[in-house]
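Attaching a single structure in structure tokens format; questions to follow.
Order of writing sets the labels: A, B, C and D. Residues in every chain begin at 1.
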Amino acid sequence: MINKIVDTLQDAVSTIEDGAIVLISGFGESGNPTELTHALIDHGARELTLVNNNAGNGHVGLAALLESGNVRKMVCSFPRSTDSGVFDNLYREGKIELEVVPQGTLAERIRAAGAGIGGFYTKTSIGTPLADGKERRTYNCEEYVLEEPLHADFALVKADLADRWGNLTYRLAARNFGPIMCSAARTTIVQARQIVPLGDIPPETVVTPGIYVDYIVEVTNPASEREMIENGVHYVSGAAE
Amino acid sequence: MTKKLTRRQVAWRIAQDIEEGNYVNLGIGQPELVANFIPADREIVFHSENGILGMGPEPGPNEVDYDLINAGKKPVTMLPGGSFFHHADSFGMIRGNHLDICVLGAFQVSEKGDLANWSTGGPDAVPAVGGAMDLAVGARLVFVMTDHNTKKGDAKIVRKCTYPLTGPGVVNTIYSDIAVIDVRPDGLVVREKVPGISFDELQARTEAQIGGRASCRELSAPEIE
Amino acid sequence: MINKIVDTLQDAVSTIEDGAIVLISGFGESGNPTELTHALIDHGARELTLVNNNAGNGHVGLAALLESGNVRKMVCSFPRSTDSGVFDNLYREGKIELEVVPQGTLAERIRAAGAGIGGFYTKTSIGTPLADGKERRTYNCEEYVLEEPLHADFALVKADLADRWGNLTYRLAARNFGPIMCSAARTTIVQARQIVPLGDIPPETVVTPGIYVDYIVEVTNPASEREMIENGVHYVSGAAE
Amino acid sequence: MTKKLTRRQVAWRIAQDIEEGNYVNLGIGQPELVANFIPADREIVFHSENGILGMGPEPGPNEVDYDLINAGKKPVTMLPGGSFFHHADSFGMIRGNHLDICVLGAFQVSEKGDLANWSTGGPDAVPAVGGAMDLAVGARLVFVMTDHNTKKGDAKIVRKCTYPLTGPGVVNTIYSDIAVIDVRPDGLVVREKVPGISFDELQARTEAQIGGRASCRELSAPEIE
């Protein structure tokens, strides 16, 4: 019997190795796999490359993972926020590498990796410093830049419902990067708010088919990063102080 | 005396140029104000980069749900008829020219419609681009909402952008606090200017060459608190 | 008030002009917009280029449109079927041009057109005659071929539910080419089994957001091409004989 | 006497090599038979190019719904846990190496694993490729199900394909009516052959050079009506 459900967050992230490229879902604070991210901090894999739209807030979730010192490189479209001091400091001190990618190009590169596309042309960034040094092509009298797929070793994704085959749905706008990240990673690890019996998700409303998912762990009441930040939480491996 | 528009009045002015049935993306920050001034008889569908069509107004205090936020990461609501989709689909929608209008802020706009709005090129700044470059090349019409001059009085509508570009030749219309200026193939043409400023004064506050002296109309907006 | 609903099939197709490139949804007999296709025959636009996975069966729907003599070129992945005599004869008599595209490349070219991609690289067809003369690129030690987006003037699509904004759902596997074709055409024309009030389709289960749709016409009991073929129907403009 | 396998027995043999939890696409025609012989204790997820995961068995006469067909355009059913998606997503799944196995028919397979299964290159034939080229490059393992020789007795397992290719170097294992042959970097290796045929006889019926003389085992299948 196919059963992708694992019992603990620790089990779910246990195969993430040093040097891995890890996609982390979420935008703002919708769709962040905070519990999986904290489990990755505890797991302690080092020299990671992370991919997310942003670069974390406060001292929880993605920001706490950055703060752990285990991240070598951040790939994102918008690292700045009102509360992105952890990343800002690492960057200014030269302790982390940054690759800034336009948001749509970031999404399309992830999608391309999942869909077996060996590169694509976009008009986005033509005429800007972000196109410097990249191959170009003229199509239909307009200039396009070549972008390559963004393959990853792991994806950490937050979903709403899941079943034992790994079929997923997402809540509201928390869908954001989840479906494409699930498809682009060699191993996809999902925290779902609720695991439901196989067949409970109607086949027309499955958003991520189970083929893209490897491990699922149920996190019934996922933390609000906003509330943690407001309460001054600093996540440190093994203990929230 | 120059009667320049408030930001909310500029937002009102932009809203008048959004037509019934338009699909519209409002950039983060000031452009978000535009949503408040859509004429009541027009049905507009608002898009957000994070995967939403059909955003409604700000939620009431008991309706806030942080799984339902806009690209500016502020809580929003959904109108009947709205839909959710993932990020690759959302930017396919943007890049594929399906949005009628996007409204963006600007550091600089050039006389050719080049837009610079993501980086002042400072060596210490953390570079961050977000979805601006995709919106700039993707939307059918790019409206810029901006003060006409910087706080220091420098021109923002320039011959050539000195800041790194967001996109070349992408801007269609500039809505400033003192003028509405269209970017045309033959250059910038003032469509409207506020009363109390002469065309020469407007030119003096605009580094780029502007045309439309004879045809430009009055820019006015209702009092908005 | 946004209202994309039109009253008649005739109104729906009335803007299709001679020489248009027309995407037609469907695979086998699931998702075929048979009524819209017949309306296009009646409308009489000439010199059309059609895009569909196949090339029609019997003498109804797509096959009837081919038989009308109004089609200059067919773009598809698999024109042959047990009952594709209309196309076979046109092709053998040199009366129609054929562009054969691998099925996944066909789908991806349509998707690329809708998503503003100016070309993409696929491994599919490398080493085969279908890659002859096309640009290539090596990515990650493997060879890829460049494929261009497939833009269209019109799409004729069959959906299940629709609302006045043009949001769509599809029945079962009838989804097939519908969503990508809606996005790739300048004007998208949809026949829906049922038009529902705005808001009846939950926002998480909308498959095609209304932004991609221009006209909707309700066809409550769409014809079964299979039954028509079994009954020997030959669709001819203005009358089924 | 050579006891060659029936098609259903070949399908059975292939089914034995499909593992618990595999995602599998069965090509149109003979390969579809494989679904009937999956061991009862293995849960397999079947994919169809037209946008289905989790296909179940043929429907009963009253369950037929022509909106639920497979790539061969035959009515199917859905298992609990199935899902629908559009064609671009379906072929993204194929090209993106997410399928564990696809089973395809063949006109010819070369000693390098080149596959020719879409065109005999005849000048009068209507060219038709469908999803074969995508499956050939996309699936992690490509199994070929084929008679060992043509009806005229010609070899189908050849040094070099003479028909136009579907994909170069894509085949992993050939399941014929008399042998199971793996395509390895150093050439073809017979894993199993039916009793009653000597290795030399098998080589004589195979244009390509075959190895595995010492290690090959017996190919057998239960009687299947």
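Details
Following the convention adopted for this analysis, a contact is a pair of C-beta atoms (placed from the backbone, for glycine too) under 8 Å apart; a residue touches a chain by one contact, two chains touch by 3 or more.
Just so it is clear, the model here is predicted, and its values are computed rather than measured.
Across the two candidate interfaces, A-D and C-D, the one carrying more C-beta contacts is C-D. Work out the mean CA point of chain B and of chain C, and you get 36 Å between them. Mean C-alpha positions place chain C and chain D at a centre distance of 30 Å. Distance from the chain B centre to the chain D centre is 56 Å, each centre being the mean of its Cα atoms. Contact with two or more other chains is made by residues 78, 84-85, 88, 91-92, 94-95, 137-138 of chain B. Residue positions 108, 111, 115-117, 122-123, 170-172, 175, 203-204, 207 of chain A each touch two or more of the other chains. Contacts between chains form some other arrangement here, matching none of path, ring, star or all-to-all.
Pairs of chains in mutual contact: A-B, A-C, A-D, B-C, C-D. Across the interface of their complex, chain C is touched by residues 48-52, 65-69, 73, 78, 84-88, 90-92, 94-95, 114, 124, 126-134, 137-138, 164-169 of chain D.
Residue ranges of chain A in contact with chain C, taken from their complex: 108, 112, 115-123, 137, 139-140, 142, 144, 148-149, 169-172, 175, 203-205, 207. Residues of chain D touching chain A in their complex: 20-21, 23, 43, 45, 47, 53-54, 78, 80-85, 88-89, 91-99, 137-138. Touching chain D in their complex are the following residues of chain C: 27-31, 53, 77-81, 84, 87-88, 91-92, 98, 100-108, 110-111, 122-130, 170-180, 207, 224, 226. Only residues 1-2, 111, 113-117, 163-165, 167, 183, 197-199, 201, 203-204, 206, 209-212 of chain C touch chain B when the two sit together in their complex.
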